[in-house]
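So, here come the structures, one by one.
One chain, chain A, links the two complexes that follow: it is found with chain B in the first and with chain C in the second.
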Partner chain A sequence: MGSSIAQKRLFHEYKNLSTNPPEGITAGPVSEDDMFYWEALIQGPEGTPFEGGIFAAELKFSKDYPLSPPTMKFVGGGVWHPNVYPNGTVCISILHPPGDDPNHYEHASERWSPIQSVEKILISVMSMLAEPNDESPANVEAAKMWRERRAEYEQKVRDEVRKGLGL
Partner chain B sequence: MDSFDVPDSTDWLQTPLSLLAPLESSLRCQVCKDFFENPVITSCSHTFCSLCIRRCLSAEGKCPVCRSSDQELKLRRNWAVQEFVETFQNARQSVLDLARKEAARLKDGDSVIREPSPKKRKVDRVDVREEATVVQASPRRARTRSQRTKTDAPNSEPVEQETIEVIEDSQDEGEEEYVPDDGMVACPICQRRMKAHAVFSHLDICQGVKAAPPPPSRPSAYRYVFGIGLSLGIEANQVLIVEHSSLQPQPNRLQSSPGKALERLPAMNYSLLKDNLLRKKLRDLGIPDSGPKPLLQRRHTEWMNLWNSNCDSRIPKTKRALLQELEIWERTQGGHAAAPSPFTTNNAVMRKDFDAAGWSASHDTDFKRLIANARIKSDTQVRSTIPGASGKSTAESIGSTTPIAPVEAPLDNSIPVESNRNIEPRGSFDPSG
Partner chain C sequence: MHDDEPSLNIPSLLTLAVVSFFVIRWFFNRDDGPAGASRPRGRVDPAQVEQISQMFPQLSTRDIMWDLQRNGGSAAATTERILTGRGLETPPPSFQPQIAVPSTNAAAPQVPSTATTKADGQDLISRYNLSSKIASEKEEENSTVSSTSSWSQNKDERQRLLQKRRDEMILAARRKMMQKNQDNTQ
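For the complex of A and B:
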């Protein structure tokens, strides 16, 4: 007996996500033995160059979750986006603890708080795919392309999506 | 692991009572997603479990909802919410069972009768009214009871009627079930009923912590009285749960066991304390004093949060129970959680589930390789010391598998032993598991 607060809370979130999943989002622990390691699938939002794509990401939770946010990383590559590092790590304000704001551009209200959840993270990431925030580019090249050569950016995203689907 | 079947607000979504889902989530703490346990309200008027908000505040000093700064000292208990939660929990299972039955029935009925839309509207209306009745609980009991006697044969009633009556009925029964008028009270841990004065001494020995399945339920009349007794005594920041014996003799007998008054622990300024002094403080509190200073600080903070939130409880746990919780913390986040070995990360918590056979199967090839390597090595040593004896044995042990087999078997057995060696010292701390 005796699972930690973090585990219990993750059980709750898992159950909630599996009985009442938001559209276009699936998420759960990879193995039921380890609640601290999840995989998520996100559909590319409609009306964006990401449309039609399915993006897999891994979420890693710390033992003091929900006090600290999880980290999220797209796996399998191919997310060409200003707010996604080339290695797949997602850089978005909801994943940043409220205490540190090295960049001084985020409102505290946008950042992680224990009342946020996996569901909210994934929804934020979906809307991030639709609307990049180029104030804080994690992928400078992609941000530049998005700002200056939008058509080329969208074409590249579409190509990546198609590649990701094995077409 | 069947712990995935946690009761959750989404349980209602598949039933005609889907409007109870938001009601239930509003009775759950936004931090731990569980029902409020010892709910307290912040200066910014947000309610959380006492322990959850204390942990948040000691980590960050801000309300998780609105992010305004707050202090532990300003937290106040929220009895009304506690009452809601407890009455709702009492009624939950029976209402849910009924709602599920009704959902199944409606499904069958729909396929026969074939007029889904008007029926659905009816059901929706029922939902709203039921939500209202469930929340209002006790004040209207007299009324609901009379209604119940009026329509006591549910199955012959028309759909709409039946749902309403049955739900109120179940709520009533729930109440009766949890508050037998026998002058006894239930142990908050194992739910066994006993005389009020016996509870405290029983609590000291009760081991049924959380393992006991029945839903959390304390007799509500007793609870209520107790709440009043307590709320009178809230004094800024040193609430002692005792003090007003004249008002409520019964519950008080339960608490006023000599020397057991719960005094809140003050926060400490760790930076002013040298390691040794801090260590001594921890020893004085009766909690483990090992580890480097940052760990001592975190442990003390956790203990302070556990302890102070327990002071917010109407029926406080024993120190031993709190020590067990600290031990769980120690295993998951404290000193024992640090080492990144496959044995300590998860299996420290779930060591009973440790799959020794699976582990040795999946690492079989590794073991074989290691054994082979060891043999080659020892053989070369033998060869170098006894030049004449070596050539033959080397060829044998590498060339064929037979000599390896006998070594393999004992090695498989030794795997769990090793895991135990890693984990046992922790396990010994936890009497329950």
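For the complex of A and C:
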């Protein structure tokens, strides 16, 4: 019962994302046989070193979605960013349930609740790419480079963008 | 075998007493409802109301309760109704739903983190097997891509449309990046 509610909600979101896709975002289940495993493509925001790039990520939903948030992980080349773990896992407040605030600074309104959606997550991740949150680095090395050697950070990101497109 | 003669022993008497207590209590509680208000079927389960309003926060709890009450407390039927776009009926003003006490212990179990493997250094072209498409693209250089939104009632068709949008997004980005590089070197 619970999982069928999750499936229906995910199907509903999938339909909305397909008929009315937000700029620079494509997302949906890898196969409709498993609605709990999605893949998304996000375009790098313009005016940032991520511009022109496409980033693939997998989203894994639990059976009690939308009570708990999905997890999101960049796949493929990985993303050199202060808020993305070296293995690709994304760390932003919208992916944390309200009760769980490991960083002790997030507002409850920014965190996961059933009112949020896959679309809102992907848009948040897009703006996260543009504006890293320096307070809780998931990739300490990337955060350090972003803070202290910005030009080097941007060059590294640009190189990865090209690599990701097979260039 | 003569020991099996039916007799009222103490445990069976106790069971009878407990059962009749509940039966009588149920019987009286049933007539104990608000005077005059005839409630057709059982009360609405607050957990179901909460479940549905969490899925569809835009809907009023009152409407959800009304629908649940009318369909006999089937959350699936209410969900189905919302998703098929029929919407919920507005309950009559006389409808007095019981205030649902929100369960505060909706602590969701955390998804086990499988984030142990290192991201593989694979580009999108090989990930989605796009190299053949890149090759064929060179022949029809100016094939304009014009698909913006896509949905089909057919499952396989939907899958195909999603894949198409994904491939086009990657290929368009790649084309653009190559163009940019050419402009830079000239």
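Basically, the second predicted complex is superposed on the first by the 163 of 167 C-alpha atoms of A that agree within 3 Å, B and C clash if a C-alpha of one lies under 4 Å from a C-alpha of the other, contacts with A are read in each partner's own complex, and residues count from 1 in each chain.
Basically, contacts are C-beta pairs under 8 Å (C-beta built on N, C-alpha and C of every residue); 3 or more make two chains touch, one makes a residue touch a chain.
Remember, it's a predicted structure, so these values are computed and weren't measured experimentally.
Enquirer: Put the two structures on top of each other at chain A: do chain B and chain C fit, or clash?
Expert: Once both complexes are aligned on chain A, chain B and chain C clash.
Enquirer: For A:G164, decide between first (touching chain B), second (touching chain C), both and neither.
Expert: Touch partner of A:G164: chain C, not chain B.
Enquirer: Just to be sure I read the superposition right, which of the two partners does A:P49 touch: chain B = first, chain C = second, or both, or neither?
Expert: Neither partner.
Enquirer: Pick one for A:P137: touches chain B only (first), chain C only (second), both, or neither.
Expert: Neither partner.
Enquirer: After superposition on the shared chain, which partner residues are touched by A:K73: those of chain B (first), chain C (second), both, or neither?
Expert: After superposition on chain A, A:K73 lies in contact with chain C alone.
Enquirer: Given the touch rule stated above, what does A:P86 touch, chain B (first), chain C (second), both, or neither?
Expert: A:P86 contacts chain C only, not chain B.
Enquirer: Look at A:D34 in the shared chain and tell me whether it touches chain B only, chain C only, both, or neither; answer first, second, both or neither.
Expert: The answer is first: A:D34 touches chain B but not chain C.
Enquirer: Scan A:T26 for contacts with chain B and chain C and give back first, second, both or neither.
Expert: second
Enquirer: Which partner does A:P114 contact after superposing on A: first (chain B), second (chain C), both, neither?
Expert: both
Enquirer: Looking only at chain A, is it chain B or chain C that touches more of its residues?
Expert: C
Enquirer: Would you sort A:K60 into first (chain B), second (chain C), both or neither based on which partner it touches?
Expert: second
Enquirer: Of the listed stretches 92-100, 128-136 or 164-172, mark the one in chain C with C-alpha atoms clashing against chain B.
Expert: In the superposed model, chain C runs into chain B at 92-100.
Enquirer: In the superposed view, which residues of chain A touch chain B and also chain C?
Expert: Residues 1-2, 4-5, 8-9, 11-12, 15, 19-20, 32, 64, 66-67, 99, 114-115 of chain A touch both chain B and chain C.
Enquirer: Can you check the complex and tell me which residues of chain A touch chain B?
Expert: Counting only chain A, the residues touching chain B are 1-9, 11-16, 19-20, 32-34, 63-64, 66-67, 98-99, 108-109, 113-115.
Enquirer: So in the complex, the part of chain B that touches chain A is made up of which residues?
Expert: 1, 3-6, 8-11, 13-14, 30-34, 52, 55-56, 59-60, 62, 64-65, 67, 209-211, 324, 328-329, 331-333, 337, 345-346, 349-350, 353, 430, 432-433
Enquirer: Which residues of chain C touch chain A once you look at their complex with the stated criterion?
Expert: 51, 54-55, 57, 75-76, 79-80, 83, 106-111, 113-127, 130-131, 134, 148-151, 155, 158-159, 161-162, 165-166, 169-170, 173-174, 176-178, 180-181
Enquirer: Which residues of chain A touch chain C in their complex?
Expert: Residues 1-2, 4-5, 8-9, 11-12, 15, 18-21, 26, 28, 31-32, 39, 41, 43, 52-54, 56, 60, 62, 64, 66-68, 70-71, 73-78, 85-89, 97, 99-100, 114-115, 161-167.
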